[in-house]
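Structures incoming, each one as structure tokens.
Below are two complexes that have chain A in common, paired first with chain B and then with chain C.
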Partner chain A sequence: MRIDIRDIHKHYGSTRANNGITLTVKPGTIHGILGENGAGKSTLMKILSGYIRKTSGKILVNGSVCDYHTPAQAAKLGIGMLYQEPLDFPPLTVLDNFMAGQTRGIKNQKDFFRKKFESLVDHFNFTLNADGAVEKLTIGERQQLEILRLLALGTEGLILDEPTTGISREQKESLFQALKKLASEGKSVLLVSHKLQDAETLCDTVTVLREGVVTGSVDQPYDAGAILEMMFGVLPGTPSRSAVEYGETVLSMKQVYGSGGRTGLSNCTTSIRQGEMVGLAGLGGSGQEVFLRLAGGIKKPSMGSIELLGEEVQGKNLHAFKKDGVVFLPASRLEEGLMPGLNITEHFALQDQGDGLFVKWHEASGTAQAKIKKFRVMGTPESAVESLSGGNQQRLLLSLLSKDSKLLLLEQPTRGLDVESANWVWWHLHKYCLRKTSVVFSSSDLDEILMVADRVIVFFDGRIVKDVKKDETDIDELTRAIVGKAQ
Partner chain B sequence: MSEFNLTILLASVVAGAVPILLATLGETITEKAGIINLSLDGSILLSAMTAFVVAYETGSILMGFACAALAGALVAAVVAVFSIYLNQSQVAVGFVLTLMTRDLAYFLGNPYSRLQGPSVLQHPIPLLSDIPFIGEVFFNHTFPVYLSLLLIGLCWWYMYRTPQGLNLRAVGENPRACFARGISPAKIQMFYAVCGGAFVGLAGATFSLCTKPGWGRPQGAEGTGWIALALVIFGGWHPVRAAVGAYLFAFLQVIGIYFQNWFPSVPAQVFQVAPFPLMIFTLLIINFVQKESAIDRAGGKAWMKSILGTLSGAPPTALGKSYRPD
Partner chain C sequence: MNISDNTKHTAFLRYSRELILTLVVVFSFTTLILLLAGAPPLAAYYQIFKGSLGSWMKLGQVISVWIPLTLCSCGLLYTFRINLWNIGIEGQVMMGAIFTTFVLRFGMDGHMPGMYLCAAFVAGIAGGAIWALFAGYLKTKGGIHEIFAGLGLNFVAQAIILWLIFGPWKRPGIASMSGTELLPRELWLPYVSYMRLSVVGLVLAVIAIAVTALMLRYTKIGLYLKAIGSNLNAAHMFDLNPRTYMLIAMIFAGGFAGLAGGIQVTGVYHRLIPAISSNYGYLALLVVMLSNYNVWISPAVAFFFACLNVGSIQLPMMLQLDSSLSGVIQGALVLAALVMHAWRMRAKTLKEPFYNE
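After this line comes the complex of A and B, so read on.
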């Protein structure tokens, strides 16, 4: 399928998300769309998939102008999109998700669709069980399901919006293999990403967007420096690190069991020392998130003992954890971290509540202003937090943390952030380490963990299968450990 | 009535549960599609009044039922239109409608108060009603009873075995994803809100033409809507479990009447009120065994997990939220 995008504009009020974008996707190729957060990639893709309407411009499919404005119409033309947040139905089964939107009428067509589904699963070597519940799947598996569903609809032009965010290395490889297969079958694939590596390993052509316009289009082989310059204007630096001396043990767990997530956490024994930066690796939902929540006092262990600064935490509530300087930042910033509906000043007012009957608005707005400047949050004290971009939400969350925190527990702190924002986050967290704060974070990106952590703990199926210093391991060993093949 | 007879007890539970069962099934359908119709209590009264007046004037009971279903569907349609097309809060609109339809029912029905009207006759089902015990309990009733029994199975089959039912459940979970798949959330929500409303209307008609024949103020149907709303939650948004809840509630009410006779020294009000706290207590127990820790304790026992699994029921994810396209 050949897709020509001609001079697409999308305006939201005075904001121009897309400002005259023109590009061509050739049949049988994988076309990368690169750009940092807010460059207009997702907007363009949602227009192409019929999910949102364009302000002006033309889309040509196989040479003829097509005017469509719903996903259903796009699907008829053969265009399907895998959205950044999976648009599926978690409480329903895999097969029900696969069928929804494809079946009509009153007749139960489960057998027909089961056959179709299973043959597609075999074709791509995926491991999906038709009768499992989608809420038990990892993000990577949910993507696989969605891709199969789109293909079953007869999709010839497949759009993937940030598909490599939040999935394991192995899932990424299986995804890339599937995409290569699709391209070799003559289908066109559009891959949206803010990660240069993805484009380098997969794409035949890359188009770079910045602030709603195309800043360049290049073919293999790529000059990474040139692409980065197209993305950012200036090259972002990598975070620098200096050695940190470790202090006493901050957190120690002995044979801890906990429930929740896909696998729960079983028989976890480990300890974290002051000033350590520890990366938690593993497939999504292998026990990392339970570990972080137990350590942060959000969840109670069903067995075992947890000690904070040498003191048993049994029977302590969340408030006591907070007093001890333990902080947990969840992956879903807006749902669990911030309070949508309140603005930045109100967040600080809530944070620094003193005694007294009245809110000290003057102080709060002063603090907000200072922190916005210091943490370079793109917003005003009056900005509602849900209007901030993901990177700015993370900066705001970090700005709300107390300076004398003893233990920072972060769940995927750079999820969905572009390189520049991520580097800033790591630089900021490193400063905490220098002040003897321990930082424990989970990440689905092994390269990132190896870049910033001092020590790596690998989780598999709810257990710790590897716990090593960064210098004593390499990416292959960790990759094996993640899928349960640690020696 | 002081003599205890299990057959009569169960038969009166099956008959007495019908209005609450119909209303609960209707609301389950509506909520499964993501719309909360809080106007239940008022719309039951309005449809009860409609059914009685129409049946009285036309002499046709069937006409009464049809018009009552229409009235229930209309009230539900108002809630749905305000939510889907005008982006208003379902809760607020539902509450106001509850009060409005109740007063409307009393006002319009006033001339028909305490009149002797038609009521549904008993139609034992040939052959089936001759089966000992079962025949007496299930097949020696009026047609609304048979309808309600049929609808339990039909609702389940439709929701879980047909493509249309899949769409219905999908819309309640994630309207956005439905839109992306070419299913129109607005149309589906509208359709099932109206369907559920029609069920509620039938519930009202069953009251005034069958369970407590006649019209007056109070009619006797007051409060049923609220119980039905609670039973939907009790049933975990599953039609069969909701039906079990409705029968349990009816059973508690009927047994209360027996207890009144057995313990005349206890004030009658105690037995009238008792079903309500008992339902809450049951809910508490169900939720307790659903808790993660309880499932943990079941450990490796697969059969325990599957039992606990069937007991659990989460609300449709998008329940009560107005869907706005991006």
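After this line comes the complex of A and C, so read on.
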């Protein structure tokens, strides 16, 4: 399928999310769309997939002008989009999800679709089980399912929005293989990303967006420096690291078991010291999530002992954890971290839990104003948090943390952020470490972990399989540990 | 500041526009039904109008309905704020009435009526709050949805009233559906004679509106209710315990409902009757939804509903129409308002906030 995008504009009030974008996707190619957060990538893709309407411009599919404005109409033309967060029905089985939208009439066609599903799974070497429950799948597996469903619906032009965010290295490999196969079969693939590396390994052509316009379009082989310059204008610096003296033990776990996630957590023994920056590696859902929630007091262990600052936490509630300066920041910011519907000022007002019956609105609005400036949040005190971009939501969350926090537990803190925002987050967290705060974070990006952490803990199947200082390991050793081949 | 004033202004305009559209749709619908029933629509509307605002006496009746409706609406604003569907408010009104009657029965000889009335109101508030706490505990500790817990408790409360009227509190010699023994005049709330309206009740309802507005807008409790209601899963970030605040919201809702029950006993019926709550709790749910959960709009909607209720009483006499026409109008209004709300939500998602990359 050939897709021509001609002079697309999308204006929101005075803001121009897309300001005259023109590009061509050739059949049988993988076309990368690069750009930092807010460059207009997602907007363009949502227009292309019929999810939002363009202000002006033309879209040509296979040479003829197509005017469509719903995802269903786009699907009829053969354009399908894989969203950043998979849109599926978690309570159903994999097969039921696959069939959703495909079946007609009242006849039960399960056998037919089972065959179709299994042949597709084989074709792409995926690892999906038709009878598994979708809620038990990792993000990567849900992605695979969604891709198969789109293909079965007759998608010829597949759009993927940040598909490598939050999935494991193995799943990424398998995804890339599948995409290459699709392209070789004559389908067009549009890959939206802010990860240069993904584009380099996968894309035949890359188009870079910045502030709503195309800043350049290049073919293989790439000059990484040139692309970065198109993305940012100037090259971003890497965060600085300097030696930190570790203090006493902040958190210690002894033979801790906990439930939740795909695997739960089994027999976990480890300790974290003041000022340490610890990265948790592992396939999505291998126990890191449970570890962070147990340490943060969000969940209770089923067995074992957890000590905070030398004190057993058994029987303490969340409030006690908070008083000890333990903070957990979840990966899904809008679902578990912020209050959609409340504005930034209200979030700061919530923080004031001192005495007094009345909210000090004036004070809260002052704090909000100051923090917005200091943390460079793109918004006003009256902005509702759901209107902020992912990067700005993360900045807001960080700005809500107390300076005196003793232990920060962060789940994928840079998920969905562009390089610059991510660097800013690390720089900020590093300042915490200098103040003797311990920072524990999970990440699906090993390079990132090796870049910022002092120590790496690898989880596999709910257990800690490796716990090493960063200087004493390398990426190959960690990669093997992640897939359960430690030693 | 300027910007937020502006958005407030447009929000108000949009709301008014939607309200007018809703009213037009609902009255066309009701008119259609009246025509199908072979009744003259204009005459029916005129009767409702005359029956509710046609005389001081009628207006007094309307306000007497408005008082419990407003009190219940105020209570529901707290529970809706934290996303609880306190359908048990009906039973909380009944419990308030029971507790009030319980205290007043000690003062039947008419001595120190002021003290007994005050104690009775406090008891009524406590009764409603306790009944609400039952539903709250079933929700927070037992994991039972508040709608089922509330509905169940409504039936229990109704059964208790019937048992009291036909059992322990029956009138000397006879037990009848007309209720318990009439209270002595000293224990009636003072009222304006030509309107049959108890001023104390009116004052209490107005105070309830002011207190609720203040609580929701300016106090920490109000903010916490809103926060937890908007995202239960993020409460941990701000060290808020959702259970605690759910129970607090239930106490407020039950307290206001209990007060409404107390006023029904002391100010309107002067005894405990089986239908003491008169479905005002259920009706208040509709009032609050129709007013878009707004503390200033709900009294107005409550007044309109009260007019419909009182005005439709004389429909059977004048036009041989059933008085349930008011129910048809109220139900259609709420459905239309919910449709309007759903449309607004849809328009919002179609517009897509631009930052959402």
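What to note about this one:
Please note the rule applied: the second predicted complex is superposed on the first by the 486 of 487 C-alpha atoms of A that agree within 3 Å, B and C clash if a C-alpha of one lies under 4 Å from a C-alpha of the other, contacts with A are read in each partner's own complex, and residues count from 1 in each chain.
Everything below uses one rule, namely that a contact is a pair of C-beta atoms (placed from the backbone, for glycine too) under 8 Å apart; a residue touches a chain by one contact, two chains touch by 3 or more.
Because the structure is predicted, anything quoted here is derived from the model rather than measured.
Superposition of the two complexes onto chain A shows a clash between chain B and chain C. Shared-chain residue A:336: touches chain C; no touch with chain B. Contacts of A:52 after superposition: both chain B and chain C are touched. Look at A:83: by the touch rule set out above, it reaches chain B but stays clear of chain C.
After overlaying the two complexes on the shared chain, residue contacts for A:228 are found with neither chain B nor chain C.
By the document's definition of touching, neither partner reaches A:309: not chain B, not chain C.
Once the two complexes are laid over each other on the shared chain, residue contacts for A:108 go to chain B alone; chain C is not touched. In the superposed pair of complexes, A:389 makes contact with chain C only, with no contact to chain B. In the overlay built on the shared chain, the residue A:100 is in contact with chain B alone; chain C does not reach it. With both structures placed on the common chain, the touch criterion links A:92 to chain B but leaves chain C unconnected. Put chain B and chain C next to each other and count what each touches on chain A; the higher total goes to C.
Contacts of chain A with chain B, set against its contacts with chain C after fitting on chain A, overlap at residues 46, 51-52. Across the complex, chain A is touched by residues 3-4, 218-224, 226-227, 230-231, 233-234, 236-241, 350, 352-357 of chain C.
For chain A in complex with chain C, the residues that touch the partner chain are 12, 15, 17, 37-38, 41-43, 46, 51-52, 298, 318-319, 322, 328-329, 334-342, 346, 349-353, 356-359, 361, 378-380, 382, 386-390, 392, 397, 400. Those residues of chain B that touch chain A in the shared complex are 161-164, 166-167, 169-170, 173-174, 176-183, 292-293, 296, 314, 317, 326. On chain A, the positions that touch chain B within their shared complex are 46, 49, 51-52, 70-72, 75, 81, 83, 87-92, 96, 99-109, 259-260, 264, 302.
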